[in-house]
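First chain A sits with chain B, and in the next complex the same chain sits with chain C.
Moving on, here comes the complex of A and B:
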């Protein structure tokens, strides 16, 4: 079966991941906000006897490669040379989206445009003459509505025809001012002597636009430096003759061409008298109301996660309790019985009890994302961050951190400035991820009764505050730099799609289940073994291996009021945060909640919540920090500062809450 | 083509916003102040964050009043968002009431012995029902009369 490789590209938030999912049957994460796809992802579709391999690239406005995700997209198209590039274009926002299309056409790749969100364009009264637009651009165009799966089959058919050369292909050539065209001719002539792989006209244009990556690429080639030098001379010549930087002249020429094309191919049947998105944004991004509304919505998420999920959680807890009693009554091998009752039921089961909370949280977050509210939340918080010299995209990463710090850290790739990106990566583990949720819920429900949601909410507010505070500190002291400009695109509001929400919730929730099945269950076995041996020691007692480990760590945490059992549970929480509960369940048995309740005062319990919130990120997050920073130094920095901060804050909050309660 | 929204409609919405805004403000303030007394007054519990939410909803209604009285249809966003927030909390508090009922009657949770629906019923559920009607009304009006203007 013949394989066709297709790169899927487009501006952020044009429904790229939705279309990719429709094309491949994948269940990739979709968000109604920019920056969801931060690395390339692949999927396949068998169509008409062909195997079409789709590669979903990060969203980008152009091929400028100013951030890591843009570089991933550009490098793939230029160096990997897919058979076809599908550029997904937002039909309701053509003037901005076609810029990338023009750039792609200039690279010489075979481009097919998927004119997506046709339904939204129609609802806004925009009428597009698709055939005329296709003729103007010289590339095939397929209208699609990714959310409904419309146009997907036709798109595949066009892809096959383009790959097989069955469609005549006369791509548009943007005509630049004569001085620039002369420079392009001269430079591309020189380039053709050293490279055959890359379209030399596109390379020449990039050189005139002073693209740092292209310059670096050419300087590494033989005779490349000479060509770069020739290009620099032309840049100076253009500046003196046309009085402006070639970068702006080229961009202006492209936008001019787009405007010309749109005048001939697009008309407005009617305009919205009241733009619904504007109507909502006027309030949700209001200078005074924006933030209180954000916190009000966040509070509703916690009530939903905690109080509404409570009966399901309690039901599962009862089920595990019953299973423990049943297995406890079996006449089987004692070590096996101990493993099943003390290890699997008490330890592993105590983590699984919180699965509904995690799914409820993800359900609420998915709805907020799909509706388009999260971008507004980021916009509101950006107002504050900007005052402290922080980059707005950091907020998007931080909000993603509520789900998983790993994904959030990777999303920082969209930040152009290295200092801003690093700062975002370094503070992200302070945002309470879903793994910390079960631990925080467990402690809150034992000690704070009906005030448990409030205690939990305060942890999230504290997490956000700490992340912002640390970011400011790091930016002011360690990673000083100018804040790069940030233009935030606010996507249109839309009614949440049940399919998208379900996929999103399941994707994130199932990650927890997989982690529970592999990491947490493995940890259960280790913890149970350490609690069982050496032979003759009381199970989970001070003389067991786990007891010895706990007593070794205990002196460090004694000032906070934690005994060896809590100390050892915190130690295992380093593998994955949920293992904290697992360890307590194994060591203390099924009634660990009652025992823990007797061990700590409410003030110490609050301090413990703060400690769990702040102390060391999990192993997988640390590994991601290492890979994203490429530095052990930064990884150790995160580990140390979080440990120290956790200790100090836990101590301070224990004292403070002790005074209040 | 377009039936321009009438001033009287916007004024009516402004008056309703004022009434609902004040109700939510009072509810919010009582919920916050009750924290110090720990008394549940009628259906208003002592709840500092719940109070903050009610004040936020009240203020959102009130912020739109001036513009609506002046005939600014863009300010319909204020009562619309406030009503959506009120509807959100109507749903959340109703779900919590059901969850508490499940704890008491199905799971027989000891902590819920002696619980009655009145323990979890909140005034926001009752007022929220009115807010939902307002939100649906505004939304329908926007969709029907104000959405599009034909280009001649």
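Moving on, here comes the complex of A and C:
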């Protein structure tokens, strides 16, 4: 079957993921863009005898490439040359959205516009003459309502027609002032001698806009340097003749063209008296109410994650307990039975029990994101975050960190300045992720009974506090630098469809399941094997291999009051934090909770919670830090500072709590 | 009509962008341009965040937030009839 590759692009918050989900269904392949860990989402649809492969590009306002996200989107379109580019445009905000469309058209790629959110545009009293708009821009336009799945079939059929060359393109050419057109002609003439596969008019315009990336790209080419300097001369010439930077003149010409087109194709039937989003924001971003509401929202997410999931967690727990008893009564060969009962059920099972908590946490976060609250959080907290050397958007990364540090670290890529982004990344592992949650819950519920939620909550407070504290240190001592801009859209609040939220949650939650499946299961087998051998040693006893390893590590942790079983569990927790429970379950058996309860004093247990909170990022997080910072030094830095901090804090807290109790 | 900086607008006041300060960093210029903050466009100051910073504006039919330190680079001409 013939394949059509379609890139899906658009401004942030135009319903891109919703439309993408509608186009491809839940069958999505999530990977990474080469070289960076920015998530790359792909999906397929069989349509009209073709396999249409959709590639989801990061949301962007233009092809200026000022953040990693934008660069990825641009490079894909320019260098990978997809067969068709679908630009998703918010019909209720054409003015700004069409800027990207014009830039895309200028690159010479085959653009199809999906005019999304038609329903919202209509409700706002905006009436669009789609055919006229399509004629003006010279590209096909399909009206869609992604939340209801409207227009998806039509969009696919247009994509196929475009790929088959059945639709002729007369793409709009924005006419710039003569001085600039002259420069474009000259430069693109020179460019056509050295490059064949990139649209030279677009490249020339980018040179005149002094795009750093484009300049660097050309300087690496033979004869490219000369063209760059020719362009530089033109920039000076334009500046002196027109009294302005070509950057503005070009941008203004584009916006001018857009308003000209909109005047002919769009009419406002009526203008709304109040903007509903604005109404919400009067409260949610209020100067005094904004912050208390933010904390209230976080607290409810926390309650939601625990209380709502609690009955399901109990159910799974009972199920595993019952399975353990059933298999325990079977008459099968003892090593196999031990593997099933001690390894799979009490080890692996003890981790799976927490899957509902994790899914509920991801659900709550998907809702916050899809509704549009995250940017409000950034708006509310930017000033405060800056005091700690962070950026307003760092708060988004920190909140996501409660779910998964990997995800959170990747989300920092929307922060433009390298220093701010790095700081955000480096402190993120201190935010307790959902994998640490089960460990913390387990210890808290064994030792603190009625006060367990309080003990748990104190870990979250401590984690946030430490992250802020480290951020100040890093910013003050190591990464003193430029402040990055905070030019951020506050998108309209939306009621996302259940489908969008479910897929969003599933994409993330299933990652955890896969991790549980592969990493944790293999860890279980290894731990079980180490606990079983050598022959003759008591299972999980001090003379088994795992016991030897534990006794080897124990002296380091002795000041904190941990015995060798805890030491070895912490050791394996480095693979993934949940494995800590897994390891205890294997070594001590199904009643590990009671046994652990006898091993530590409450003060030491609290210290252990602090230790687990801080001690090391999991392997996958470390790998992400490595790829996001591109540096081993930063990666090792995180590992070391966390270890040292964990020792000191666990010790201090053990003493402190000991005095209090 | 007096020329002001964008961060000097009061709640609900509108102004037309007339240009950028010469000292505007290039990456910020790029950003402004792609977000539609170009000359001739009318900007309305909507609200300030906690501690008065950042500031939310309405421009081209959507909402955008800028820090005071960034809004300062944008020169505007205040329009009458606000509030």
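One rule holds in what follows: the second predicted complex is superposed on the first by the 638 of 661 C-alpha atoms of A that agree within 3 Å, B and C clash if a C-alpha of one lies under 4 Å from a C-alpha of the other, contacts with A are read in each partner's own complex, and residues count from 1 in each chain.
FYI, contacts are C-beta pairs under 8 Å (C-beta built on N, C-alpha and C of every residue); 3 or more make two chains touch, one makes a residue touch a chain.
Since this is a predicted model, take the numbers as computed values, not measurements.
**Student:** State whether A:295 touches chain B only (first), chain C only (second), both chains, or neither.
**Tutor:** The answer is first: A:295 touches chain B but not chain C.
**Student:** Just checking: does A:307 make contact with chain B only, chain C only, both, or neither of them? Give me first, second, both or neither.
**Tutor:** In the superposition, A:307 touches chain B alone.
**Student:** Does the superposition put A:287 against chain B (first), chain C (second), both, or neither?
**Tutor:** It touches chain C, and chain B stays clear.
**Student:** Looking at A:379, would you say it contacts chain B, chain C, both, or neither? Reply first, second, both or neither.
**Tutor:** Second partner only, chain C.
**Student:** Please work out whether A:278 is in contact with chain B alone, chain C alone, both, or neither, and reply first, second, both or neither.
**Tutor:** both
**Student:** State whether A:325 touches chain B only (first), chain C only (second), both chains, or neither.
**Tutor:** After superposition on chain A, A:325 lies in contact with neither partner.
**Student:** If we overlay the two complexes on their shared chain A, which of chain B and chain C does A:489 touch? Say first, second, both or neither.
**Tutor:** In the superposition, A:489 touches chain C alone.
**Student:** Considering only touches as defined above, state whether A:251 meets chain B (first), chain C (second), both or neither.
**Tutor:** second
**Student:** Taking the superposition as given, does A:99 touch the first partner, chain B, the second, chain C, both, or neither?
**Tutor:** A:99 contacts chain C only, not chain B.
**Student:** Once the two structures are superposed, pull the chain A residues common to the chain B and chain C interfaces.
**Tutor:** 278, 281-282, 286, 288
**Student:** Using the touch rule from the top, collect the residues of chain C that touch chain A in their complex.
**Tutor:** Answer in residue numbers: 20, 26-36, 38-41, 46-54, 56, 60-67, 69-70.
**Student:** Give the list of chain A residues in touch with chain C in this complex.
**Tutor:** Against chain C, the touching part of chain A is residues 61-62, 64, 66, 92-93, 95-96, 99, 210, 245, 247-248, 251-252, 255, 277-278, 281-282, 285-288, 290-291, 375, 379-384, 392, 416, 483, 485-492.
**Student:** Residues of chain B touching chain A in their complex?
**Tutor:** For chain B paired with chain A, touching residues are 1-2, 48-50, 52-53, 55-57, 59-60, 63-64, 73-78, 80-82, 85, 88-89, 92, 95-96, 99, 102-103, 106-107, 109, 142, 146-151.
**Student:** In the complex formed with chain B, which residues of chain A make contact?
**Tutor:** These residues of chain A touch chain B: 125, 268-274, 276, 278-284, 286, 288-289, 292-293, 295-297, 299-300, 303-304, 307-311, 314-315, 318, 453-454, 457.
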